[in-house]
Amino acid sequence: VPATRLLISCADRHGIVAAVSAFLFEEGANIVSSDQHTTDPEGGRFFMRMEFTLDGLEDAAAFEERFAELVGRPLEMDWRMASADRRKRVALLASRDGNCLLDLLWRWQRGELHADVALVVSNHRLLEEHVAGFGVPFVHVPVTPETKPEAERELLGHLRGCDVAVLARYMQILSGGFLDALGLPVINIHHSFLPAFAGADPYRRAHERGVKIIGATAHYVTEELDAGPIIEQDVVRTTHRATVADLARMGADIERVVLARAVQWHLQDRVLVDGNKTIVFG
Amino acid sequence: VPATRLLISCADRHGIVAAVSAFLFEEGANIVSSDQHTTDPEGGRFFMRMEFTLDGLEDAAAFEERFAELVGRPLEMDWRMASADRRKRVALLASRDGNCLLDLLWRWQRGELHADVALVVSNHRLLEEHVAGFGVPFVHVPVTPETKPEAERELLGHLRGCDVAVLARYMQILSGGFLDALGLPVINIHHSFLPAFAGADPYRRAHERGVKIIGATAHYVTEELDAGPIIEQDVVRTTHRATVADLARMGADIERVVLARAVQWHLQDRVLVDGNKTIVFG
Amino acid sequence: VPATRLLISCADRHGIVAAVSAFLFEEGANIVSSDQHTTDPEGGRFFMRMEFTLDGLEDAAAFEERFAELVGRPLEMDWRMASADRRKRVALLASRDGNCLLDLLWRWQRGELHADVALVVSNHRLLEEHVAGFGVPFVHVPVTPETKPEAERELLGHLRGCDVAVLARYMQILSGGFLDALGLPVINIHHSFLPAFAGADPYRRAHERGVKIIGATAHYVTEELDAGPIIEQDVVRTTHRATVADLARMGADIERVVLARAVQWHLQDRVLVDGNKTIVFG
Amino acid sequence: VPATRLLISCADRHGIVAAVSAFLFEEGANIVSSDQHTTDPEGGRFFMRMEFTLDGLEDAAAFEERFAELVGRPLEMDWRMASADRRKRVALLASRDGNCLLDLLWRWQRGELHADVALVVSNHRLLEEHVAGFGVPFVHVPVTPETKPEAERELLGHLRGCDVAVLARYMQILSGGFLDALGLPVINIHHSFLPAFAGADPYRRAHERGVKIIGATAHYVTEELDAGPIIEQDVVRTTHRATVADLARMGADIERVVLARAVQWHLQDRVLVDGNKTIVFG
């Protein structure tokens, strides 16, 4: 039996865990794992992720309606359920640098990512052939300052039906209007340890500042550049010997791993957004 | 209201979380946090740590008896409750090197460790004066191969009434008989990345082997040397330039932090033992 | 025979290493170690650190003058020599938080720092007793916005004769005029991963931003706040569970180690300043 | 002008650096970088790596002969020179797991590795198609216990003319006789933090031991399994939640990076072997 994931966020109050687990027990479900977090014991917000299995569940809609009636509405919850065996549809976007894109495709091909890669979109043709080798559709949507609005409209059409978009070194800024119209979570990898070196050319700026550690940050995209909720970060040590090119090369190893972790956790419904932060359940 | 911690381990089966949370809900408790782990969804062992608050609890013994009757016994649990505001009594043991000992005392003095340091025991007098500065009783129990049995008997007397013993670079091997008679958890810091370099002189052996990373391991002590359940480990990079003395100095920083984390987590009842492993709830 | 350290910086050109090593060979010196760095093979700046021993050197001033005449002036070098057995005089400054201060004193007492701690200066009396235990003079120089100029004048008097000042969580901003008048290297520890969270309250701001890693930075102080040449940085992972207080506690472990490394390297003459960056020879 | 790398190892004595740099100066060479290491100032062994450029060098053999006569033989050095622009010929060996192999090929294709990949050898056909995509010859040399001697003879033929062999998860043990006959450096990646978990199945054994950190080790292969000189190691944190499969997946990220670093450093002539250890010049 595949597990079902229940994600909850609501104002913190007494009896939430008890209400949820009593409901599940009476439905005959077995709780496989449960994580929760309260931002503040006094008047904070409560977040929960539960995985449960339920033998013989035939009518998931009716089950969800019972949950809504008995638990969700009385406790004023935002909640959703996701079957662990449903593969999310992922759109990958990249520009010229295939480092993160190919790494994700490769992990996907190895079976590490439980998802369907619906397509790859790029504003360049450079990576087309590489993507072909993975049997994934490649769509070329060029963008210039003049054509940006229509390019975003075209992009919107291509991403229809996806569950999540991943910017795997896609070097175009997405407009707020586009993000609103898209209505999907969008994960970006930024090649610095945010909030340091937001914006363009972080490795050059890290070199100029003489930092001793460089990093990468995966975050959900919001209208404000490089300012969305951080999902994961990691770093690597460097020294005065490293050139900007060395930093880019060392950083590439970190970018790949950080983005892959963030995508993995998102696909496993482990990431809940709390304003401008994330809760990542382990 | 101070929180109560409930620690459970039992054979995995349906309804454990529901039973526990329903009981707590009916008692009027508010679950503050909950973590669990199953070693194997099929026939594995289930571990749980819950923190809850309960206004107006006057008779803790009766409360625990109700839990035993309604939940613990029916579900064949090993369980215990610990009040978060009860300070555990800690015995610290050290030999000549004060690195870990003084770091723990210092953290304790700063209020980082919610515990009472009952005493420091050492087989040398070297650290006596340092310990005095913290207002903690210092007991000198010399050990020689000949006097080991009686030294252990003396030690046993000194540790009576403690909740946990911490070997902060105590360079004597405790006999199995002593550990049995003591009946307390004993936490040791070993200055290597176990299972590498168990036993004597790990920095010298790490130097001889030419490793590029050294580490430290905090673990519960069992009769077999350096083979008990690992609580925490950490590492630091090194190079061919480092001498054995350099490794010892760099390693000392890691030893302190690793031991402090392990002691902290133990004091917070975050560490559950599963055979020769630990579950450390975050 | 104690080693002598030779530190050089000059415009890069042919023959620098050869000139230096030929001079040392003819003087009968034995080069124990040598490190160098060129910021750019074309027209960059050259930095070198050599350690050599020289039996029977009696007149160091004459030796230095020969070096100046035969090597330093012809190659237009900035250079200095420092005997490895000369203990630098260190002034430690702190405010209320003794974390970094006591860690440095403790390392010094253990013999890890080859230096004389000349005095501790604080704008509070809180740490006076702790410092007394190390046998180091404690000077109280209170600072208010009104008294800052005269406080800095007093400070200047106390630091006379020192080789380096270390701000071990000294929470006063030193004026540019003070730094000019002082004329010494000043090392500061900032409790963030610079350039992120420069300025006040970095742990609170890190918490608000929801970063997954926090850090600490040791740097030389310049007039611009938290913008001087970085000597060392390190980080520790965190999660959504950590409160601001947790970050401060976890960060304290990193602050201590980062500052201790930076001070150690400075005392060993391993750190050369190149504009707003450092070269740290291993 | 491409740089030349000079690698030296000899008994430590006075005047080595001076002799080398005086020779280079008189030949008109410019020293670009220099690193050295002494295992013991008293009677230890001296290692050096210098990079220099020399305009107008036409007869490298005559230059090397002059070095041998004036420096190498008088100081009883083991030494060699390598032109930085000569691409080493690399043989890659793998079995079924393409993780490390494809990562190396990919870095090579991106231009990160200054080398010619001469061929890929595998005892399975599984990775044949992947390798084809990189335009690299794939050779299938099956091995069974019975055919091992002839398989090693065949392997020997294929590796003729290579400069280094890299075991990128090649799951066959190479005999001492084969290694002797091969006469090349062979780099292996072992999926544990050596010396912990040498031999088979390290992730399963790490899981059983309950370690909190797993690692990977790149080392030169010697006749004794997993006991050769370590070039590089790195680690990643894990928890009680990770299954053996999780460890393998997390470890794969580390294996790739550790092996890539070791291969990179070897190709740059940065790694000198000192008995059972390595010196890795930065």
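All chains are identified by letter, namely A, B, C and D, in their written order; residue positions are counted from 1 within each chain.
Simple rule for what comes next: a contact is a pair of C-beta atoms (placed from the backbone, for glycine too) under 8 Å apart; a residue touches a chain by one contact, two chains touch by 3 or more.
Since the structure is predicted, the reported quantities are computational estimates derived from the model, not experimental observations.
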item	value
Pair in C-D, B-C or A-C that repeats A-B, with over half of contact pairs matching by residue number	C-D
Interface with more contacting C-beta pairs, comparing C-D to B-D	B-D
Separation of mean Cα positions, chain D and chain B [Å, integer]	41
Euclidean distance of C-alpha centroids - chain C vs chain D, Å	37
Chain A, residues touching no fewer than two other chains	37, 239, 241, 282
Residues of chain D defined as touching chain A within the complex	99, 102, 106, 110, 112, 133, 239, 241, 249, 253, 257, 260, 282
Complex contact set, residues of chain B against chain A	14-19, 21-22, 24-25, 28, 30-38, 41, 237, 282
List of chain A residues in touch with chain C within their complex	37, 193-197, 209-213, 215, 229-235, 239-241, 274, 276-280, 282
